[in-house]
Structure formats: C-alpha cells, structure tokens
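Written below as structure tokens is the structure these notes are about.
The letters A, B, C, D and E name the chains in turn, as written, and every chain counts its residues from 1.
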Amino acid sequence: MKNNFMNHLFKKLRHGTISVSLITVTCLFINKEAISQAEKDSAKLSATMTVSYKASNGSRSIKVNLKRKVEKKFIAVDNLKTPVSLYFKSVKEHNPADGTGLVGKLYLGKDGEGVFEIPDDINKLISGLHKYTFIAKFDADPIYEDAEEEISIADSKITLSYLGEDSIKTATATLYEWKDSAYVPVAGAELKLGIKRTFSIFPIGESGAVTDSSGKVSADLPLDMPGTFDRKITIVAKIDEHESFGNVEVSKEVPWSVLPEPIPEIGRALWATGDNAPYVLVFSSLSIIAVIWGTIFYLISLLIKIRKIGRDKSS
Amino acid sequence: MEEPKKITNEAEAIQMLRQYNDDLLPRKFGIVGNTWTALLIIIFLTGVYCYTNQLRYGLSITGMRDFVFWGIYISNFVFFVAISLVGSLVTAVLYLLNIPWRAPLSRISEVIAVAAVIFAGLIIIVDMGRPERIVNMFLHGRIQSPIVWDVMVVTTYMTLSILLLYFPLLPGIAFCRDNLKGIPKWQKWMYNILSLGWKYSPEQYHIVKKAITILSVMIIPVALCIHTVTSWLFASTYRPGWDSTNFGAYFVSGAFVVGAGGVIAGMAVLRKFYPSYKTYLTDLHFDRMGKLLVLLTVVYAYFSINEYLIPAYKMKGEEAEHLHELFTGYYAPLFWSVQFFGMVLPIIVLLFKKGRKPIPMFIMAVLVVVGAWFKRYLIVIPTMSYLPIQEIPEAWKHYAPTFQEWAITLGSLAGALLIITFFVRFFPIISVWEVAEERGVSHETIYKHLNEGNEK
Amino acid sequence: MKNETTAVDSVLMNKYEAMHDELLRPIQKTGLAGKIWIGFLFCVFFAGVFAFYTQETKSKYETISLNNYTMWGIYISNFVFFVALSLVGALMSAVLKLTNFEWYRPLSRIAEVIAVAAIMFAGVGIIVAMGHPERLYFLLTHGRLQSPIIWDIVVIITYFVATSLFLFIPLIPGISQLSNHLKDKPKWQMWMYKKLSLSWRGTPEQWKIVKRCITILAILIIPLGISIHTVTAWLFASTLRAEWNSTNFGAYFIAGAFLLGVAAVIVGTFFFRKYYRFEKYLTDSYFDKMGKMLVFLSGVYFYFNINEYLVPAFKMDSMHSQYLLDEFTGKDAILFWLVFLFGIFVPAILPLFKSMLKPWPLTVIAILVVIAAWFKRYIIVIPGLSHPYLPIQNVPHSWTHYVPSLIECMVVAGIFAAALLFITLFSKFFPIISVWEVAEGDGVSLEKINLLSKKA
Amino acid sequence: MSQKTEENNEKKTREDNSRRDFLKLGVFAAGLTVAGAGLQKAFSEEKETGEKVKVLTTEGKVVEVDTAHIKKAEVCCVSPKESREGIPNKKWVMVIDLSRCKHALKCQHSCQKYHHLSGMNVWLKVFKMQESENTAPYWMPKPCMHCDRPPCVKVCPVSATYKRSDGIVLVDNERCVGCRFCMAACPYSTRSFNWEEPELLSETTGETYSPERGFPQKRGTVEKCDFCPDLLRQGKLPHCVAACPNGVFYMGDMTEDTVTNGDETLRFSQLMKDKSGYRLNDILGTHPSVYYLPPVNRLFPFKEPVAENSDKEKKAE
Amino acid sequence: MEDEQKNRRNFLKFGFLAAGLTAAGVALNKVASGDEGAEEKVKVLTADGRLAEVAKSKVESSESLSAASKHVRQGIPGRKFIMVIDLTRCKNARKCLEGCQKMHNFLPPVEWLKVKEMQDSELSGKYWFPQLCYQCDNPPCCKVCPVGATFKRSDGIVGIDNERCIGCKFCMAACPYSSRSFNYGNPKQVEYSKNHPLKSCHTMDPNMVGTVSKCDFCPDFGSKGILPACVRSCPNGVIFYGDENEDVVSNGEQVLRLKDLLVNNGGYRQFEVFGTKPRVYYLPPVNRLFPFKPDPVEHNQEE
C-alpha cells in the first residue's frame, strides 16, 4: 500500500519534470566539461576523510570530516561537489557499487563537515548487533580523488543516577560495555560529568576522572547553578572519542530548585516599541497635539466660514 | 527718520489706499526677474535630476559614509528650520508686542517661513535612505523618538505658517481678482478659488482678525518647539559637541538671527527691483530691523558663549578634541570666519546708524544668512568624527560633500527661493490693509475703499 | 488747544503736589507697626550675627552640618538666590525702560532698592560661607584670573556699584526736595540730605547729566546683570560634576532670576502700597501688568527647565540618573515637584485668570514664587552633591544627608533680615516712588518738575 | 534564464544544511506515511536531476530515490514578526577576554562571510586601544553591545530597530527608513549603513529576508551585529565565537550563568568576579550585554599589523 | 604601639626645625623664611632621637619653611612622582589609611586616603579600591582656585597652601574624584593640631581649620627618597610609588619597571574620560589574591 503510493508519486513527478531535468543534466555536463578541462592540467587532489561516531541518549550519528593538506597545514574542504554516502557494512545486501545498504547521502557543508543522523528505524534495526561498522565514501568527484573510510564501534552504555535529597547533590554515572551477551562495567575509562547548557556542557567533578572498578564516576553538582525556569536541570555523562566506543553521551533531567535570575521585562520604556511608550509621554504628547491641531481645525473651519459668508452675500 | 504719521482724515486715507493698491499689485517680471526665475528653475531642476540619481544609486552618490553619516542635507535641514522661524518672529512676536512698523514686513517673513519649512520637510526626505518608507512614520511611529516629534512639529508648523500667510492674504487675493486686468484665465481662476468668495464684509474681516490673533499666539510655542526638537535630534545623543542642554535655546536664538537676516535681504531686494516699494519699506524699517538684528545677534552670542566656553573651560576628554578641532584645528578657519562674519561683524556694522542703510544692511544680512548656513555645517559635521575610527579608508574620516550632494542642496535652496519668487509674482507681497491699519486708517474706511475697488 | 494742555498740566501738577506730600509721610514719622517690624528685623539680624560669631569661634563641626561631600550648603544656595534677586534692578529699570514699557516708572525705585539690598547681602552671604573670611583680601593679593570665583567677585562688585548708582542718581532730585521740605528731623539726617543732594538745583545742565547717566546706566546694567548671573551659574557649570555639567546653566539661571525678581517686586509693591497707603500711585493696574509678566517669565523659565531636565533625562546616563531619579521620584521628589508647582506652574497659570491679577491673590502667588525660588536654588546646589562619581563610604551617616544646622539657618535668616532692614530703612529715609520719573512719564516738562519741587 | 535558475538550484542544493537532507531522506527511507497533500506541495516545487540513489528501508529493502529529493526544505527563517519576540527564557550575554586577542581577525572574517557582508560594512571591528600614554595598547573586538537600555532603539522613529526579550537588539531592514538617527545615538558606533545597492553575494539572492539573519541587505538601511540569533535558536555559537582561534569570545545565557568559548565552559558570575569584568563606557547607562575582561597578562605581545586596510581603501576609492 | 608612634614622630621631625619655631606659628614662619641667616646653627632631631646641631642652610627645608615660598610651589627639581595601585592585592586592611593619618596628623572621619568597595556594573565582581588624590596633570581643582592656594608643581604633585586658602571649597566642587577634605574643625582635631609642634615645608601639616586639605603624595619623603606613608604601611604591597623619569616603582619589597608593570597588567586611570590625566594608575583586580569579603565594620561613624 505504502509503496504503491510512493511509486505513484514518483512517477507523477518524473513526468512533470523531464524537461527541467534535461536542462540540469546539460548544465551539469557543461560544468563537468569545464572541470575536466582543469583536470587535464592537474591531477585530482587528495583529501583525508575522518569519520567519528556519536551516540546521544540512544540515538546515533556519524560525523564525516574532510580535510586536505596545503603547505603542511590541514584545511577544511569546502568545494566537494559530490555527496558522501554512508553504508552500513553488516547489511547483507551491502554493495557500494549499486548503492545497496546505503544509509544516506549528504553534501558536506562549507566547513567540510557533515553529520549523518541514523534514522530511528535503522537505529532500532542495528541495535541488536552490538558491534557495527560504517563506511563513508564518495567517488567520481571532479576535484578530489575517491576516498573511503571505515569505522567500527563496540556497543557501550552509560547509566546516570542522581541523588538530590541532601544539601549535597550528587550525580553518578556508570559505563558498561557489551561483553559476552551482557553489559559489564568498564574500569579506567575517562567519563565526564557535566550540566547541560545552551551551547555546551559545564563540567562538574574533578577533571580527567576515570571510572573505578565498578565503572562508576561521581561528582557533586554546584548548588548555586541555576536550572531552568520550570525547576529542572539536565545532567550529562559522556565519554569522548573512546577508541572502541566512540562518543557516547547520556543525559538526564532532574528536579532543581535554583531558579535563574528573572529576565528583566522591557515594559513601558523609552527603548520599548512604539506601543509601549511611557504613559506620561503618550499622554502629554497626545494632549499637546490635540490642543494645537484642534485649534488648527478650528481655524480651517473659519476659512470655510469666510467662504460661506462670501457665498451668502453674492447670492 | 520718523515714524509715519497717523492718518485720521478719511479722504486722505482713501487717497492713500488707492495709492497703495496701485503700488502694491503684483505685476509681470522684467528681464531681470525672468532671468532670475529661469536661473532658479535650472538650479532646482539640476537638483531634482541629481536626486533621481540618488534614488537610483542610493546615498552612495553623497560624500557621507559611516561615522560621518549626516552631511549637508541635515545641516541644510537645520538651516531651513531655523530660517522658517522668522515667520513667527516678525509676524507673531512683533504683532503681539504691537511693534508699529512691522506690517509691511509680515508677509515677506511669512512667505520665507512657508518656503523654508516646506523645503525643510523635503530635504529631510532627501536625506532618508529609504524615502519611499516615509509612510512607516505613520504606520509604525514611535512616540519616544525625537524624529517623530520633529515630524509632528514640522507638519504642525507648516500648517500654521501657511494659515498665517493665507488669512491676511485673503483681502489681497480678492483685490487681485477684482483689479488685475489682462491676466491669463488660469490666474483669474486661481484668484477666484483662493479668495474664498471674499466680499470685504465686516464679518469676514472680523474672522480674519480673530484668526490672526489666535495664530500669532499659537505659532510662538510651536516655533519654539520645532527648533528645540530639531536641536534635540542632536542633544539627545551622547556625542561630544552635541551633548549640551543649551542646544534648544542656542538653536532658537540662532534661528531668529538668520530669520531676521533673511527678511532684511528680502526687503532690500524688493526695494531694489520695485522702486515703488520705497514708500513702504522705508529707511525706518531698515533701521529698526538693523537694531533688532543686533539685539538678536547679541542674544545669540550669549548662547554661543555658553555653548563653547563652558566645555572649553573643562576640556574634558573627547570634548577637548572636538573643541581643539574647532578652535585651532581642521575646522578653525571656517569656525572663526563664521563667528566673525556671521556674528561679530554684523553687530559692529549695524551698531552705527550708517550701517543701518539698505545697502550695508543687505550685505550684512547676506553675511548673516551665509554664515548661519555654515554654522549649521559646523554644528552637525565635525562632531561625528571623534570615536575611535579605525579599519576604514582614509577618505571616510573627512567628509566632503560631492558635486551631486551640493547640487541637491543648492536645488533645495533654489526651490525655496522659487516659491518666494512665484509668490511675489502672483500675490501682493505687502499687505495693503495691514499697512493701512497701521497708519491708523479705520476698518470702515478700509472696507469702503475695498468695496469701491470692487465696484470698479 | 493750548488752554487744554495747561488745564491738563494743572491737574497733573496738583496730583504731583499731593503725591509729594504723601510720599513724605512715611519719612516724617514711623507708626507702631513699623517700629515693631524694624525691631523684629534688628533682633533677627543680631541673632544672625551672633550665630556667625559662634560659627567662627567654635568648631565648625558643631555649628554647621556641611561635610566633605556636601561642602556647599544653604549659604551658597542662598547666595545664588540673592544674586538672582538682584537681577530685578536690571530687569525692571533697564529692560523695561529700554523697551519703552512706560509703566515701569513708579516701580523702578522699589526694584532698585531690592536689587541693591540683594547684591549687597549676596556678597555678605558668600563671605559667611568661606572657611577663612579674614582672608578675603587674598582675592586681591593672590587673585587668579582663571578662576570663575574671581570673575564672580569682579562682576558682583561692579554690579553693586552700578546698581547703587542707578538707585542714587534718580534719587538726587528727590533728596534735594527732602532737604528742602523735611521738618523736625535730627541734624545729622538733614546734613546727610544736604550732602547727598549734591547741591541739586534742577538746572538744565544738571538734568542733562542725570539723564545721560541714567541712559548709560540702563544700557550698562543689562550686560552686567546678565554676566553676574551667568558667572554665578558658571561657578557650577565649570565643574565636572554631572548634575551641574550643563551648558544651559547661564540662561536657566537668568530666566529664573527674572521670574523671582518680578515676584519680589510684586511683594514689595504690595507691602509699600498697603502700609504706606500708596494705593493711589501703585494702582491695581500695575499688578495686572506684573501678573502678565509673571506668566510670560514663567513660560520662559519653563522652557529652560525643560531643556535642563529633559535632555539628560532622555539619555539617563549613569552619571545623571542617580540624582535625576532622586529628584523625579526619589528622596528629593516632594521638594522638587513642589518647587515646580509653585515656582513655575502656579505663576504661569493662575494669573491667566483675571481675578488672580488683583493685588491680594497676586501677592500670595508672588510670595509662593519667592519661596519656591529659594528652594529651587537649594535643589540646584545641594542634592547633586551627595551623588559624586565615586561612592561615599565609611563616613558618618550625617555626611550622606545634609540638613542645615540651626546656626546655618540663623545666619541665613540674619542675612534676610539685614536685607529687609536695608529696604525698610531706605524707605524710611527716602521716597520709595520717584516722583519726577512718574511725572516725566506723564509728559510733564522738566521745568514744571523743578517748579513743583520748589513750590512744595 | 532557466539555465541560471538551475544553476542556482544546484548550488543551493549543495549549500544546504546536510543534516536536514538526511532527515528527509530518512523519512523517505523509512517509507513513512506522510500526508499526501503536504508532500505533494513540497515536491511540486522541486525538480529532479535524474540521478538516483538507493536507500535501505526498515524491512531491509532497497528503494530508489532521486537525488533532488535529498534536499532539505527552506532554511529555518523566522518571520519579521516572530523575530521581534525573542527566544523564550533566554538572556544572551557575551564576554570578550581582551588578554587573549591578538588581532587574528578570524572573528571578523567569519562574521563577514556568514552574514554575506559586502562592501565596507563591518559588523565586528577590532580596534587598537590605548587609554593613556603610559598604559598598554591592546586589541579590542567590538561587536554590537546589545544594550539593555539601547539608545539606538530609543530614537528609532518607526521601531525598525528593537529590543527583544532575550536581550538582542535587531534591525528590521524592511521597516528601516534610513534616517540614521540610531547611528548618531549609538555611543559605540557599531552600526553601518548601506550607502549603495549592496553587492549581494549570489547565494543570498532569492533568500527570504529575516531580521534574524540580516541578509539580503537592502540599500538605504542600517545594519549591525545581531548576535547570530538564527544560530542561537539552534543552540549553536555565533560565528565570531566559533571562529576565534584563541577563545577570546565567550557566549552564554545569563539565566544559565554559564558562558563558553567552544573550548571551555565557565560560570559567568565567577568569571566576572575573578577577572574583573567590565562593560564598555558603563557610565553612559546603556547597560550593555557584552562584558570585557581587562587585558591583563596578555597571551600575545602587542604587534601592529602590517599594511592595514590597503585593499579596503582601494576599494572605497 | 606607642613606641612605633614615637618613632614615626621622630622620623617626621627629622629635617625640621625643632625648637625655635615651634611656638612662633604662622606669622613667624613667614619671617623666618625671609631672612637668610646663613651660618646660624639650629638644632635638629635625628632619626634615632638624638639632637644634632647643623647650619641652618644645610637643612633643606629651612629655606622653605613657609609653604608659600616659591621653592615649594615649584616642586622638587627633576622629579615626576607617580603611583600605581594594584587592585588585585588589596584586602581592605586599611593600614595605608592609618599610616597616612598618623603621618599627617589628622583624625577620622577625615580621610585623605579612602578604601572603597567598588563594583563596575551589577554583575561585575566587587573589589577594594584605595583612592587618594590623583595629583592630576590637568587638575580641575587648580583651575578654579581663586587665589592660587592649590597649585600644580613640576614634580607632578598638586599642593595646597593652607595659609593662603580662603576656604571657598570651590576646588572640592571641581574635583570629580571627591578626594579633598575640608577642615571644619573637629574639636579634637583642633586640639591635636594645636599641640602638634611641626610644620612641614611641602605639606599642609598640621591641618588648619577652615582650609581644604588632601593627600599630598608625601613630598618631604619623596625628596629624600623615602616612600610615602601609605606605601610603607601597606602589608600587601598594594601601592607602588616611584619617579616616572626613572621608570621604576616600588612598593617597599618589589622594585619594578613602571612601563612593564602597566603594560603587562593592563594599567588604567580612573575616569580617563574627564581628561584630568591622573598620576595614579590602577591595575585591574583580575585574579585577586584575597577573596572579597564585605567589611563588617562601618568606619568613621563618629564625627
């Protein structure tokens, strides 16, 4: 049913846009020709692709970064013309050639970066595997040589607990890895605790803390840290760029009694919008205008009166 | 130089009124007048052309850039607002003070005021980056902004000035309608419409008198407001040189000076090209206006001293830089010439009786007016260059108006003069009935005479 | 025609003869009420002298409540008040005279004597405020031309001399009359009259000289009056303090001074009229005119107040906001708004009603204006001092709130009493209305006036 | 003509935020049932390129999709009306650590680039400052201060510039009448004016205008630093903060009391206490939202730049 | 305590005439300064408390006993005194103030040197701020003085001649830093001054009733290369003092290059915007040595 609907949709679209597509192709062709001219002059450039993995509260994403070396310095690639494709290696039909197993395609941004968010469905699908490998690659770019990069991630899990009754409020995080069909605590891994803020995570506890034998790290929360206006605060536990787990992050919203400083209201002020002018100003200016323009209209009525008198007399 | 004698004898009065009317009816321009008008039209049209360029290419055709972002348009605007105050000065203040010699001057000053205030409004639109959005002023006007206050008072003042010009003009228009022969149809039609069916009836006359009194009382505070608010456009900022509580009074007093100068210049020109006006614009008028100009200039000097000496005594940070530039720096030549020619010299010359003759008066008046224009330049422009200016091209630091900017500004000045010129061409520039009234002619006699003219 | 004028003359002559007699009455004898009044003033004055003696001999910590932050207290604000009051001489006798407002004549001497008393005790008031009054002569030996205080001293002395002359010269004919006609007076008094009359015989040469002196003084005294108050304003405006950092101060002070002066003359006129029974000469019509003047001057003063307060209030920078907010809504608000109400709004609005232009109501208004004017100076000088740029810390609590001490109040009251005493005693020795000036105003010739004084 | 449109289209496709692309693709891949009407509307405006990709579905099936559909919808663009309200429950604050600035000008370049600023208009300036003869010269980056009592907003006659609840002062260049009073009123000279028709960079043509982004610019209107509210809405740091190599800029939300320069996250109040934060010309009572940390123990010795502005000057001439 | 005071007193006495002029008072001082008794011997009290006899001409200050003399008005030749106050080190110990009060013989609540609690804006950190006369190079106080009682000297110091001061207090109104005091004549103070035998050549000691006084940068020490009282009394080395011409300042322990100190630590002057050009620089309170603690005591509550 679903597929039918989609196919129907696609067909309809294809018919409607053939001519435009043709032009696009021509245009691409012209482009390509121009570029191939350039290719003749110099060989394709080589670029280094780095791929990193991130799991945040169970949702996964892959970040692709493309750099190239110019005079011993790495700079971001901002002119990759072709999209980067991401494949999931464990899918049986995986075939880079015909695109099977493709998770997605994406054009890199100007900073040479792009993030593949793994869709929920695929995420669910691969969750059971506990070990996953992704391949990012692009080919046939007019400027850059083809590149391919693979990343393998072992399954891990962070649990986050919070003890907030006493005057000392503590957050504890435990790191587990999947070993022999069960999650077991990991010791000696650098596990960071923090509080979620708009742009970043405010670190709490000692910096560089590693998990103990039971896989735990704990830290006290600063008691004067303001939470949200609805009395909540989000604590975060994460590992960064772990060699086998990648980036894993877990957050938890907990009740918090410290309210932020209220945002000052602009109210009726000189610097407010026109509707919010101070009453004194509105009142005084309107009254002055009313008096003066009232008189002006009275004077104009006098003009009319003069005219009326003129007419009366002449008639 | 005695004041003209009062006339009580009716026959004499009628005789005099006849003479007045013959003398004062508008007439066709001679070659000089036509050349002058043509010249003004050319300058004005050049300005208009340059303005269309500005509309096309934006304000980039001007010499203004960030940092010095208000240029001669704004200083010209301030100048126009200043000169427009003369209407309220001569017409209203002198009227209310019962100064006996003011009647022949009132219409000259009022037409200058109207022309100036119209072009003040226009030039501020010229200065806008987005003139088509002037409508936003009404859609989204913020009462907190001094610009909105300025828009309100300029409109109000314009209306009041036009009314103050129009009310006393009614009998004059009617008289033209009835007595001008051999004029084109459209002109006749214009007089017909504008005279509002004026029948020289006492009721109408009474209404006019009443309206003039109301207007005279009302126009003074509005005139003070218009210039005070204009000064607040500057004084409400933090910039050195503008951050002054004195600005209101300083601007108003300066405005009276330039206004009086404008009227004197107008009087001298009219007297020169209409020899018959000598009877009305007598040496007495020049003498009195000369004294008035001295008084006004002295008052202006007082405010100028307060304006410059108090900060100069303190020589505070950025203000010191500003004052040094004015007193001894880049702007010093202009500054001292303006002070000398626009203030000191007129005071000295006009203190002497010989200085209060038409020709020296005319020269002094022109000096005052030109000095006043540059004074506004000095108020507006130098102040804008005292914040750390870096990372910008050298050319941006020193403002110099471009040719097109000058053309537009001169065009606006020509436009204002054009209004005055056309007015002189089509309407009596001296109010017959007011002059007669001043000479003690009773209202009844005036009606009688006017009716007689009507019958003719 | 000629008969007619002689008839008018004789009526006038009779009038002035009667006036002479009546004017001599208060000089001839003093009633009980007058004696009590003079005695009372003497008591207050001596109390003030005693208070000053105490202040100078005892520690100033105990006697006055000035401190390192509020270093200028009511002595200075009172000084400003007196300087303001002294401007009335320039206004009433000179400005009105030069602008041909003839009705000033009977009031000129009242105004002049108020001016002399005020400027005299302004000088005394400033000595009282000094830490080392005995070092006053240092101003001569070590004077620095750069200091506004020196400017102030110079203009105060000049103005004092000029006003005294302005009081004395028109008085000469009057004194000669007194020495001719007064009877039963102690020898010294007669001797004084004789000496002071400078052998006045009323010859045309003498008259000519007197007239010329008066004209020169009338012209001289205006710039002097303006400078004395402007320089006094600059004492404040030349500092870096936010609350006084205003280029508007000169004009603002002068406008206030004129308003205060007119109010003071109204009060003086009222009491002289009432207690010397001069209703015939100081008629209701003077109150009518003075009331209108109050309205006009309050309007002018209002204009400068607007500039003074609204321009910084629009910006509300941290330097100004502290004291502005204190004045608008904070701890000084009640005083501030009361002063505004009685010092500006009441005199601007109430005299617009005809019924308020009668002597009684107008005097009440004028007294309110005078009191408000005193507190206005208090507001200008004192509240701002408790908001310096750097915070006030670690000082006794009393240093942050200035409340004048008893000694200070007594000294100020003493100064007031002395000024009033001067005015009262003057009126007990000299005619308070200048007969010849009034007569001259009515068109009586000088020979007649001479005749008059001889005849009587 | 149509070819050009195609090119633009193509370019746009590449420029667009890839995350959105992917999301959309994901939607397709999952074969989610989306309301037909909405989809149709979305698709009817798009053109196919003919290039196909295959995607894995949840059932493990492969579906073929046209690349043209791997394209996100319009960049989030807030309407002028919404942009007047401000991001709820936020109060932005910036801290500039003067001891770290070495005039690298990366902040300025990034700002210019991402706001598509052309010509001479610079939103973020880096000034050489020296308070008095004996004291040290230092570099001072100067964005708009986003004052809590903005003198520019006070004087605007038409509410074209306005103060939002989150502290940002914005300019709506569809409302601005170009009177330049705000420029006169601003004691920090942060505003610039579009004196001529701005050289619109091609990627901005056809973009919907929003006061939150400031482009495309319009001739005869005022513009200035806007704190990048479009990024703030997405929880991203403004361009200058992200671009600075030395961590000079800290950005944060006052209600959260933290600021970050991307590398480190600090308590705002603590930072103010420790480093003696101050505001520029605080005495004017404008209450800026930008705080400075004094140039004490500077990380880099002060060096005058070589040949400053030579190219710019040329351009202006 | 008493010993210490005595020592200081002795120290002060050094260089001054001890006996002859004690009783003579102001008038005599003037006379004394006039005559040139070149070889007249005078007794002076040395630092260690002994009396010594020296030729009058050898005593530097004897020529200039009257503050009105030209020498004092000109300043110490070749000097350009300068002060740097490091706000990171101040913890409101108030020892500078005590030292100053002892040295210059005045009693609270008069403070020539104030320690204020400052906060630059609502959210900025609080800090302690020692504030004294800034000896501005463009002094607004000197501008307004009607009799030249306060004057600018070549060594940078703004002096007051309290024998010339007429007590109009205009200089106090003109000073934007409120750093001047007026001697209203606290009875205790009057008594104290009366009993105080010495009259410094360069300073306004003892305070004279009805005149203005203020921090004077201790020029009589400066002329001998001794640091001012406040610098020496500060336990935390907050205040650095020196000669700008030598480009070196010292707080008693450290000796530092002036330019380096200012440049490295972001030195600034209070209210640069007034254009007064103070000779006192501050180093901003960044990374303060002592956490800010509000002062529990309100000082000088008694008059």
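Please note the rule applied: a residue touches a chain if its C-beta (ideal position, glycine included) is under 8 Å from a C-beta of that chain, and two chains touch if they have at least 3 such contacts.
Here the structure is a predicted model, which means the values were calculated and not measured.
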Inset, instruction - From chain A, count the fewest steps through touching chains until chain E is reached. - result: 2
Legend entry - Pair joined by more contacting C-beta pairs (A-D or D-E): A-D
Inset, instruction - Look at all chain centres (mean of CA atoms) and spot the one farthest from the centre of chain D. - result: C
Legend entry - CA centroid of chain A to CA centroid of chain C, Å: 77
Inset, instruction - List the centre-to-centre spacing of chain C and chain E in whole Å, with centres computed as mean CA coordinates. - result: 45
Inset, instruction - Just give me the whole-number Å value for how far the CA centre of chain B lies from that of chain E. - result: 61
Legend entry - Chain centre separation (chain B, chain D; CA means) in Å: 48
Inset, instruction - Identify all positions of chain C at which a residue touches two or more other chains, and write them in rising order. - result: 148, 238-240, 314-317
Legend entry - In chain E, residues with contacts to at least two other chains: 140, 143, 272-274
Legend entry - Multi-chain contact sites of chain A, meaning residues that touch two or more partners: 270-274
Legend entry - Set of all touching chain pairs, with the criterion as stated earlier: A-B, A-D, B-C, B-D, B-E, C-D, C-E, D-E
Legend entry - chain D to chain A touching residues, read off their complex: 2-3, 6-7, 9-10, 13-19, 21-23, 25-27, 29-31, 33, 36, 39-40, 43-44, 46-50, 53-58, 60, 62-63, 66-67, 70, 84, 89-91, 148-151, 153-154, 158-159, 162-163, 165-167, 232, 235-237, 251-258, 260, 262, 265-267
Legend entry - Interface residues, chain B side, partner chain D - complex: 57-60, 62, 64-67, 69-70, 124, 127-131, 133-134, 136-137, 139-142, 144-148, 151, 233-234, 236-239, 384, 387-388, 390-396
Legend entry - Interfacial residue positions of chain A with respect to chain D in the complex: 2-3, 5-6, 9-10, 13-14, 16-17, 20-21, 23-28, 81, 83, 85, 88, 91, 93, 98-110, 114-117, 119-122, 124-125, 194-195, 197-203, 222, 225-226, 228-229, 260-261, 263-266, 269-274
Inset, instruction - Mind listing the chain E positions that touch chain C in their complex? - result: 109-111, 114-118, 131, 140, 143-149, 164-170, 172-174, 176-178, 180-187, 190, 209-212, 270-271, 274, 276, 298-303
Legend entry - Of chain E, residues touching chain B in the complex: 138, 140, 143, 272-275
